[in-house]
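One chain, chain A, links the two complexes that follow: it is found with chain B in the first and with chain C in the second.
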Partner chain A sequence: MKLRVITVLLGLLSFSGVAFFMAPASRELWVILAFLCFGGILVFDLYDQIASQWMNPIIFLLIYALILSAVLEVGVEGFWRDFAGAVFLVSLLFEQNANQWTGFGALRTTLTPALIFLMLVFAQSLPSLPPEVSYGFSLAALIMASYLELFCIFREGSASNAGSFMSALRVACVGVGALFYCSVFVPNLAHQMPYNIMSVVLPGIAVLIALFSAFLNHWRRRQTLFFCNWSLFIFWEALSGEDFRLYAAIGALLGGAWTVMMTLRDEIDPENYKQLYLKLSAWGIPGSFLFTMIIFGISPSQDELLRRGSALWVLSFFIFWAGLRGFKIPKERPSARPSWSWRESLALVVTLVGASLLAGVRILPTVFSDIWIRAGGIK
Partner chain B sequence: MNELLLCAIFIPLLFLAPRKNVGAIGWVPVICGVACTSYFFWLHVGESTMWGGVTVLLAMTVSEALEKKSLSVPLSISALFFAQSLLTPSTGIVILCIAFGDLFLNIEIFVNSEISEKNRAIQNICKGLFSVLPVTFGVLLGVGNIGFIGLMAVTTVLRLFSWPLPRWISEKQKDPSYFKLLVSTISCFALWHVQDFSTFPEWPMIWLAIVALLSLGSEYAEVYAALTLAVFSLSPVYGLLGATFWPLLVHRGKSAYLVTLVALASGVLVCDVSSRILSENTVYTLGALTAIILARPFAFYEIENRLWVNESKDIFLSLVLLGFFIYFLPVKVPDIGPAGSVFAGSFLLSFIVVRSLRSKHLKFFSPFRGLKDPLDQNVFVPGVKFNERAGTQINLDEGYYLSRFYSALESESYLVWLLGLLGVAIYWGLK
Partner chain C sequence: MSNYQLLLPQCTLLMGVLVLALFEIVDKKFHHYQGWVVHMIALSLAMIQQTLLYRLPASLYGTGGMILDGTTQLFSLSVLLLSILIQINRRAGKYSSQSQTAILTLGITFFSLFAIQSNRVLFSVTSVLAMIWLSHGVLATETKRKEESNLIYSGIIRGVIFLVVGTLLVTLCMSIFGESQMDEIQRVIVRGRLRQGPVFVVEVLILFLGALVLGAPPFGGLLGRARNHASWSLSMGLTGVFAIVGINIFIRWGLLVFTRPAIGVLELESLSGWNILTVIRVIAVVGLILTPLFAILDRNVRGSLNFFILNPFVQALFAASFGQREILGGAMAQVIVAVIIIGLLISSFQALDFSPTASLSQWVAMGRVDVLTCLSIILALSSAAGLAPFYGSYLMQKTLSINSAFAVVLLFNVVLSGFYVGRLITLAFQKGGLHGNFATVSRSQKIWFTVQFIALIFMGIFWQPLYKYGAYSIRQFFGET
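Up next is the complex of A and B:
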């Protein structure tokens, strides 16, 4: 186990180092962002999922390498090739770690959306396609990648995908890919007809998925769909073309990828408030890292469509929160869990600090300037 | 945005607050919060609508602390968030502060209760958020003034009145009145105090009529708080004077008679001023009708026997607050016109009649029963619709068409359709 962890860690560091020194100045921040995402997934792996078998660390490193090369590509074709490879490997990881399941439905495997995603990527690269059609396929591909787990949601055992490292990897890959594509290759797409309508279409899809999730029995399945929507939320923020929303998307990406890994999968002990807090934080309720990112992401805008989109996002998140009305603490105390480790403590601190960002990022400077003015510092 | 400084200070200490044996360290966020509130209070010292509400909240908290002789950490933090919501000029931040205030109240319920109550505390998070949804949509969509006031009124109805839909805090009688007042009265006042009602002068009369309608099943404290909001939308100064009697709502005592008198005065003021904007006949009719209906909850109120010391303490607090406001605010004694007199006469007559017939248990005067909370209904209970079982196809008890639809979703041939659609899209793109 230790050998696998050390391998992943060394691979992560060496890939990051090489990519950072090879990257042009404009791409260095993207390398750092990818490192933070994947590094966080490794650090917050509370249940040692990545190191459970050799195939996991190998594919993990392959995905990381592909994402790094995607953000270092000069042309859009190269980006899509690397990104599609990463998404396909993520879907393969879902199957690699899945429990046995009955049935042959092609729509019950994550490989199906990955294949459709690949075809959409091929389609968008057809040379004779006009750019607006090509963009359409690109956006459809990103939506498809956001909902990889939706296709296997009815499969037995699929509930275990919630809080899994595959889910976190999907959030990280799609998040980095969507952010990079929207801000580097198509920064003004949101202001062009007919793509500006995506400001409403994307949250509309999220509301539909949230409504669908309201009918699911298992909270873990609902949480899987919550994080699928979270990927779409990052994509929507990146597509908006507003600077502050792009920064919010970066925060949402880190918050989303890390929080998936911070989710505790055990039964709740009502006396352990820290566990309960971590568990509830994964739903983005007030006082969590994700809630801070939601507030940053839906900040009021001058754009009418973005405003409508923000309202739809609030609605979709509320539908998920409404699932809390069925919350019940088990009557029997859960069997003793391994002691609270440093990973859980770190997760708790990160979540709390993330929650505090709501005030810290924007508020403190204003407060200090207020004090300064009141004290007569500025005449 | 200043007010959210509290979040930066408190939330890292969130996990300390719920511990029963937290000791002195748990009071660190409370002390920081008091310091912050004082600072913001100082910032807004020239704006009476800002500091007035906080002063009332402080008086209510003092009343509760003197009665119970204790205050818990989560409850104090919650009160501080509500205090911050009263000090902020931005509706968006008010909503956030209310959300955090609700959260800490739920922590208080969670910590000090049995397992079933603990479940309720978590379930309440969603119910609390549900109540602020309308006004949140108003902020996000940039709805215009009158539309926004309407959305804010919906939120106010959801948070302030226990009828027709129950408030999340009032489901169980175990919740003390102070809790209810924080959640309902203070949070609604926080939402109202940042609005400009001058562009909609008919609003106080409209709100009075809405309050009269909702009073059919509500408690007297809710009706009184709503009347204060009506007066506030007429004139913030009079609204604040009305709010000075909120400490009397914390406990059920003989001071209810004093509150009834102030409620009567509030209605008189609203009718009188509205008669200058709307046609007099309309105001006479509306005033008389609302007065008759509004008197019922006041007349039906069950008064508890309290120690005269405690009773006097609440009245003393309110009177001191009233004197303080009269001294610092530009209060003018209004002239009472005929419309006000009609309201006063109808209210008093109705009050005396209902009070004298109350012991007869006439159904006519009983409060209407409310609806069940839609969030508690089984309409959307997960698992009812989809039976997540193993197997190649999902077993559904739905109708024919839904079954066919879900079967199609599960079918492999659906993939062929998807690929076909993709082909058509590419073909269309190539054209």
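Up next is the complex of A and C:
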């Protein structure tokens, strides 16, 4: 186990180092962002899922290499190909690590959306298509990647995907991909007709998914959908084209990818309030890192459509929070007492520090933009 | 330096055949492992010699019966690489003690190099005929004793059919062009004083032979059921060798003879009234649909794989049929990727001791038995399907960027191939399964698989060197040295 952890750590560091020194100045921050996402997933791997078997670290590193390659690509075609490769490998990890199930249903596997994603990527290469349609395909591909897990939600044992490293990888890949594409290749897309309508369409989809999740009994399945929506939230923020919302999206990406791994999967100890806080913070409840990012993400805007979109996002999050009313705290201590290691403590600190950012940004409103600009960001 | 130096790899292979024949004659005095070592040395030496032949100056190329330009170099190296991969996997095979099999296998490599490098249609036809008969002979040695004679007769008949068509082609070439040498044929066509009818017949025959040797559906009958019970290495390996020779016929006998670089030197234009590029595209389109479709419909794992490993070749053929310089270079490089895919599939299935007659039900839950080997197979098939991040996806993007209505068929191919791969992936990690008696894969084998599939993925991410080699291979044709 230790050897696998050391291997993946060394791989992560060496890939990042090579990518950082090869990257042009404008892409260095993207390499750092990808490193923070994937490094966080590794650090917060509370249940040692990544190191459980050799194939997981290998594919984890390959996905990381593809994402790094994607953010270093000069052309949009190369970016989409690398991105599609990462999505395919993530979907493969879902199949490999998921609970065993029976039957064959094309609509019950994560591979189907990954293949649709690839088709949408290939279709963008057709020169006969007008640019509007090509952009439409790229936006559809990002939506498809955001809802990768939706396709296997009704599968037996799919609840175990909540809080899995595959789910965190999906959030990281889609987040980095969406942010990079929207910021570098189509920075002004949201201000053009008919794409500005996406400011409302994306939150609308999120509300529909939230309503759908309300009918699911298992909280883990609802949480899977919550993080699917979170990816869409990052995409929406990135697409808005507003600087402040872009910085919020970066925070939301880091918060989302890490929080998936911070989620405690075991039954909690009713006397341990830290466990309860950590478990609930994965829903973006007030006082959590994710909540701070929600506040930043839906901050006031001059754009009418964005304001409506923000309202829809609030609605979708409320629907998820309303579902927490059924959350039962066990009255007795679980037979197998959950462990509390340095990783859980670190997760708790990150959540609390993330929450305190809200206060910090009130005092220093330009803190995100200052960091991004001074570090040589794209804006 | 003389033209005879082109024959160095063939001489090495011939020496290998002779040494193995000596083993066969003295029998029992040599251990079969020694035969395997001789076989490997012959192939490795031939590979090194073939690689070093790139240093030959261009002036020596088309002057004799043999030719060695960039395309033949690439195809020859692919054949040798595949032969080495086949042989590596035969070390622990239960058939490896049969020295006859070793001699015949080395003979197939020997003749396939002639089929690729020969500048005369006559010699190539003869070499392919030898390949057909030798491959049926070698496949028959690995089947049940009572089946052997049936397979041999079947092979003879298939060879004779090929010979009839080949003889007709050579006769027509001699009568129309006065020569069966390919560069001479092109010169005669360029003069443009020929009646189009006979040229049309020659083109039809060449394309028919190319499709027959490539084995893409519906022409996949050259090896037939001889592959059903043979070892994984020979069954899939020989399919790959024939596919390389087949695509060589399309490119070298078809494209390079009946077209020429257009003004601007970026794409090819047809020399005859009948546009051979369009016809090759139609053949490739049929292959693009039928190859994954037949793979899906075949419930036998071996049968479906024998179809599916042709998918990268068909994709390469489709890309080459547009006759554009950039895409043609990409298509050539795809052949090398296909070789590595076949090598990885052979080693994985052979290591698992997967039954040749196994159906899909025995594949169920395979990923729970041996996850690394299973994933190696899956990733190799994903690469064959042209999915990202593998090299095929780069070629797909480039091919789709050509403004052609045929691009829809390529997308359809991705859908079918994706369905095939997706089905295998989902079945591999499902509940249940018969869990047959699979062999335990050793640690060194697992490392070997990992290296191969990481190489496949890296060929997709860092595709530039591979593409540059493909482009380099066709550079001479476009008038550059």
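We take it that the second predicted complex is superposed on the first by the 357 of 379 C-alpha atoms of A that agree within 3 Å, B and C clash if a C-alpha of one lies under 4 Å from a C-alpha of the other, contacts with A are read in each partner's own complex, and residues count from 1 in each chain.
Assume contacts are C-beta pairs under 8 Å (C-beta built on N, C-alpha and C of every residue); 3 or more make two chains touch, one makes a residue touch a chain.
Everything numeric here is computed off the predicted structure, so don't read it as measured data.
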item: Fit-or-clash call for chain B and chain C when the two complexes are aligned on chain A; value: fit
item: Touching partner for A:Asn188 - first (chain B), second (chain C), both, neither; value: neither
item: Chain B versus chain C as contact partner of A:Arg81, first or second or both or neither; value: second
item: Inter-chain angle, chain B to chain C through the CA centre of chain A, in degrees rounded to a multiple of 10; value: 160
item: First, second, both or neither for A:Leu216, with chain B first and chain C second; value: first
item: Partner chain in contact with A:Thr112 - chain B first, chain C second, else both or neither; value: both
item: Which superposed partner A:Leu66 touches (first chain B, second chain C, both, neither); value: second
item: Partner chain(s) touched by A:Ala123 [first = chain B, second = chain C, both, neither]; value: both
item: Contacts of A:Glu95 with chain B and chain C, given as first, second, both or neither; value: second
item: Which partner reaches more residues of chain A (counting touched residues only), chain B or chain C; value: B
item: Touched partner set for A:Trp54, first chain B, second chain C, both or neither; value: second
item: Superposition-derived minimum Cα distance between chain C and chain B (Å); value: 8
item: Footprint overlap on chain A, where chain B in one structure and chain C in the other make contact; value: 101-104, 106, 112, 119, 123, 126, 128
item: Chain A partner contacts - residues on chain C that touch it in the complex; value: 365, 367-368, 371-372, 375, 378, 382, 387-390, 393-394, 396-398, 400-403, 407, 410-411, 414-415, 418-419, 421-423, 425-432, 450, 454, 457, 460-461
item: Chain A to chain B touching residues, read off their complex; value: 101-108, 112, 116, 119-120, 123, 126, 128-130, 133-134, 136-137, 154, 156, 214-219, 221-222, 270, 273-274, 277, 280, 285-287, 295, 298, 300, 307-308, 310-311, 314-315, 318, 321-329, 331, 348, 352-353, 355-356, 358-360, 362-364, 366-367, 370, 374
item: Residue ranges of chain A touching chain C (in the complex, touch as defined); value: 53-55, 58, 62, 65-66, 69, 77, 81-82, 84-86, 88-89, 92, 95-96, 98, 100-104, 106, 109, 111-112, 115, 118-119, 121-123, 125-128
item: Chain B residues touching chain A - in the complex, by the definition given at the top; value: 1-2, 4-9, 11-12, 14-15, 18-19, 43, 92, 96, 99-100, 102-103, 115, 118-119, 122-123, 125-127, 129-130, 133, 136-137, 139-142, 375-376, 380-394, 409-412, 414-415, 418-419, 422, 425-426, 428-430
